[in-house]
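Multiple structures are listed underneath, in structure tokens.
Next, two complexes with chain A in common: one pairs it with chain B, the other with chain C.
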Partner chain A sequence: MKKIIVENLKYRYPLTKELALKDISFEVDKGEFISIIGRNSAGKSTLCQALVGLVPHFYKGAYGGKVIVDGMEVGKSDISQLVSRVGIVFQNPFTQVTGSKLTVYEEIAFGLENMGIPRNEMMERIDYSLELLDIYRYKDRNPFELSGGQMQRMAIASIIAMKPEVIVLDEPTSQLDPQGSEEVFKAIQSLSKEGMTIILVEHKIEKVAKYSDRVMLLDQGELVDFDVPHKIFSMDALKDYGVEPPAFTQICRGLEIKVKETGFYPITLEEAYDLVVKADE
Partner chain B sequence: MNNVEVKNLHFSYNEGEEILNGIDLEFDDRSTAIIGQNGAGKTTFVKLLKGLLKPTSGDVTIKGINTKETTVAGLARHIGLVFQNPNDQIFKNKVLDEVMFGPLNIGRDEGTARANSENALKMVGLEKMSGENPYDLSLSDRKLISIASILAMDTSIVIFDEPTIAQDYTGRQNIRNIIKTLRDQGKLVLTIIHDMDFVAETFERTMVFSRGKVLLDGSTREVYSHYGELESAYLEPPHVTQLCRKLGYKDTFLTVEEFVSFKRNCIHK
Partner chain C sequence: MKALSLYYEANTPVHRIDPISKLFYIAAAIAIPVIVPTKTAALLCLGVSVVLLLVGRVFRRVIPIISFSFVVLLSIIVIQSLFYHGNITPLFQAGPFVFYREGLSYALHICLRVVNILCAFAILVLTTKPSDLIESLVRRGLSPRIGYVLSSVLQIIPQMASTMDTITDAQRSRGMETEGKLITRIKAFFPLIGPVVMNSLLNTRERAMALEVRGFNSRDKKTFLNEESRSPFNLIIKLLLAAAAIFAVIWRILP
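== the complex of A and B ==
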């Protein structure tokens, strides 16, 4: 069964004239790691909101087509039902913090309390997500005394503790240092290997190239292409959509080095290394 | 004269937990990136420059004024800081009012404040948004508004905390141009940033903070050639630099263009 089915999704925010999403259709399998790329205001965040039901239930506006996540039709289901299937990590972690909890530990418990998870299981899940995001040592801190990076890890941990089938992450590592974002990407990848379906919005293009199974390119509310990262990043017109390919791809394009079997440019450090060495021989 | 001097700077929020332990620095005209792990003390450091925090011991001198002997308001006309989180900075319900707030409060007259603000909005590409409510705009636009608000104050020192958050390719280019323009106007630009490729393409000088100290300080190329130290500070060099290093080149390449033209020259020879 497909984990996500989107059929002819159209959406317009209240008081606006133009559609933010224009007739979008795609399907995603269980456990896939999907990245969404595109310039600002391409519709990436709006699509995320539509997957979790904030569009249309919270934002209202004009809505057409269908979004089915884990068998539930989002437009016809309550957010309270959807939260157990699909979770979202907001773009700005400061916005996600409840403000009603005094410690990181309790903050992560918030979602679980609202779902009515038994106490023992709650504690297990909180410990697990604190460890996974490497913030166990901050569990007794006040959420607002955390640095931007620590807060971002906490925001991700809060959602992971809810064990959704699908997790949507909107630029989850924007405040993290290079090693921290690599760690978080590895943690997300391990969740995807365990069967969690990942939808990620990200500008860190080298990470998208390294970790995604498929990449979706949006522009002006339309789905331009949805395919394997090699194909997307080898597109000649990519820059016209406001996206820069990975540095490794740019180098190989400049040197006219392609992967022989597929005709696409390399996208990762290792691939680029192998091919540049071969080209030198 | 940009005159920022930091002498034997120590700082702690809680007793016994030193965030900065002994920093000595001088800044010159070069645009400067401050990089380092989360929690290394970067944001604390710039808050000390701005006078929002005062040293536990040691001295910070801005244009000959010791930050201990003045107020934040007294420093505001010399040094501007763009916050990491635009929501912490923005509070007006009209973009133009938000941007004009700073210049008006450091004593610029209405006409100058307006002209500077319109100019600043043009620089960040939001001149058409001046009548909007900042909270109706996206996070990336709000980040640009928070930048414009500081530019409008026309201070000789400008500090950015993570300016490229939520910016796409065009937004990053835009911010790079702003930094270069400020540099050309003779302003000192300091930027806290995690985007190593952006640092390599933009800044002349780079300093690495690690555990409350300055671990490396020099030209960006020089700093990115110190692999071992970068690793010990939990950082990684730019993507191009990583590839060239793996390929065995001794030179440190900073941009895609640099390396591609180098390789092409090799082939032609």
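== the complex of A and C ==
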């Protein structure tokens, strides 16, 4: 079943002349892990926000085409209706704290209170999402007293508690230290295992290579390619789009080592190791 | 992080009274001394407030609040003792100034009322979590948006203050003088304001989006994580307060 269908999406921010998204079409299946890559201002964040309805409802501006998430047309629905289908996590963990709640537990309840979820179900959902993101032990802390990684996991938990079918993560680890981003990546993995459809924007290319089912390459608002990571990272012109392939791919490209079955370069350490060691023997 | 509230955490009967009953109490403590304009009534209300503050173990925290208003009270006493229009009986003389008994008595009455109002508010402020107060107001029909503004201000202002500190440190590390004479401090203030304001504006936009995707503008009926205490105790308090107010009105009407 298709979870996300995007047809000929075009979008221009108010007071700008250039289109931020130029005629983008793609489809995503249930449970897929999709990464979006591309240089800065390629339209990655705009596309993410178009999936949750912030584009066009929050920004206004000129909008064309269709985005359908879980059977609901984004352009014609309110953001508050969409929140039960699709959730988004932003870069900065700080600004995602509502600031009106005194404990992590209450903070996660914020969205559920707005949705009008009955109290018993609310508590079940909060417990579930706190466990899933491994922050249950911080439930009575003040949200502002958490570390960056913990705070970002709380932000993810507060979206998960709203039980969306699709979760969009817009550079969730870009403002975190290595330990914090490792924590967040583990959390994203456990979401993926739960069968959730994930859209991730990320610059840490090794992570993208490791986890993604498919990778979407954007450049200047256009969709360049949308395919399995091996194929994307073996593209000759990848550097022209401002993307460095994973280190392992670059090394194997230099050594002309390809995976025999597919004809693409390896993209993870394990693959590269297997191939290099075998080639030596 | 410092929270912007005078709330003192404890587990006393006064803390367990629901915020709305405390609001009713404030109304009664202001109204009754006005309806019954005797010093006894004001003293009685003040006495009740002091007992409640003692039970709530926050009496010591009221003293700074009262001493803060002490200057105003003192000026009331001086001016009324000197210039009250009904002044007849001189009490004592200090240089060219004559203090009168009637003025002093009137001033004391005003002071009593002011302290009484302060104490009544102190019960609410010192023994109620701000978030609980706002939540019970939202339950009773206050717009959730206004509720959010009120409760977030308490946390976000300290956040802004810490941003301000970070920026101050950054500017200082680049050689800007931020300490010393008043004029140096004023000069240092302007380069700080730009980044702080810009930073808050950016944060506000991001926070607005984050709220939006958590259903802040949802039209569904809001539910609450915390259960409202429905003990008959709170109803009894409200009834007692209403009875006291009615009693005061009757006392006033009867000759």
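The rule is short, and it goes like this: the second predicted complex is superposed on the first by the 265 of 281 C-alpha atoms of A that agree within 3 Å, B and C clash if a C-alpha of one lies under 4 Å from a C-alpha of the other, contacts with A are read in each partner's own complex, and residues count from 1 in each chain.
Going forward, a residue touches a chain if its C-beta (ideal position, glycine included) is under 8 Å from a C-beta of that chain, and two chains touch if they have at least 3 such contacts.
All of these numbers come straight from a predicted model, not from anything done at the bench.
Novice: Just from the overlay, do chain B and chain C fit on chain A, or is there a clash?
Specialist: With chain A as the common anchor, chain B and chain C collide in the superposed model.
Novice: Quick check for you: in the superposed arrangement, does A:R39 touch first (chain B), second (chain C), both or neither?
Specialist: Once the two structures are laid over each other on A, A:R39 reaches chain B alone.
Novice: Based on the superposed arrangement, let me know which partner A:F248 touches: chain B (first), chain C (second), both, or neither?
Specialist: In the superposed model, A:F248 contacts chain B only, not chain C.
Novice: Looking at A:T95 after the superposition, I want to know if it touches chain B, chain C, both of them or none. Which is it: first, second, both, neither?
Specialist: both
Novice: So in the superposed three-chain picture, is A:E206 touching just chain B, just chain C, both, or none of them (first/second/both/neither)?
Specialist: Touch partner of A:E206: chain B, not chain C.
Novice: Between chain B and chain C, whom does A:E106 touch in the aligned arrangement: first, second, both, or neither?
Specialist: In the superposition, A:E106 contacts chain C only.
Novice: Based on the A-chain superposition described above, do chain B and chain C contact any of the same residues on chain A, and if so which?
Specialist: 92, 94-95
Novice: Using the touch definition from the top, list the residues of chain C that touch chain A in their complex.
Specialist: By the definition above, chain C touches chain A via 1, 129, 131, 144, 147-148, 151-152, 155-156, 159, 203, 206-227.
Novice: Residue numbers of chain B touching chain A in their complex, please.
Specialist: Residues 36-39, 43, 84-85, 87-88, 138-141, 162, 165-171, 194, 196-197, 234-236, 238-240, 242-243, 246-247, 256-257, 259-260, 263-264 of chain B touch chain A in their complex.
Novice: Inside the complex, what are the residues of chain A that reach chain C?
Specialist: Contact set of chain A toward chain C: 49, 52, 54, 58, 78-80, 83, 87-88, 90, 92, 94-96, 98-102, 105-106, 109-119, 122-123, 142, 144-145, 155, 158-159, 162.
Novice: Show which residues of chain A lie in contact with chain B when the two form their complex.
Specialist: 38-41, 45, 91-92, 94-95, 147-150, 171, 174-182, 203, 206, 239, 242-244, 246-248, 250-251, 254-255, 269, 272-273, 276-277
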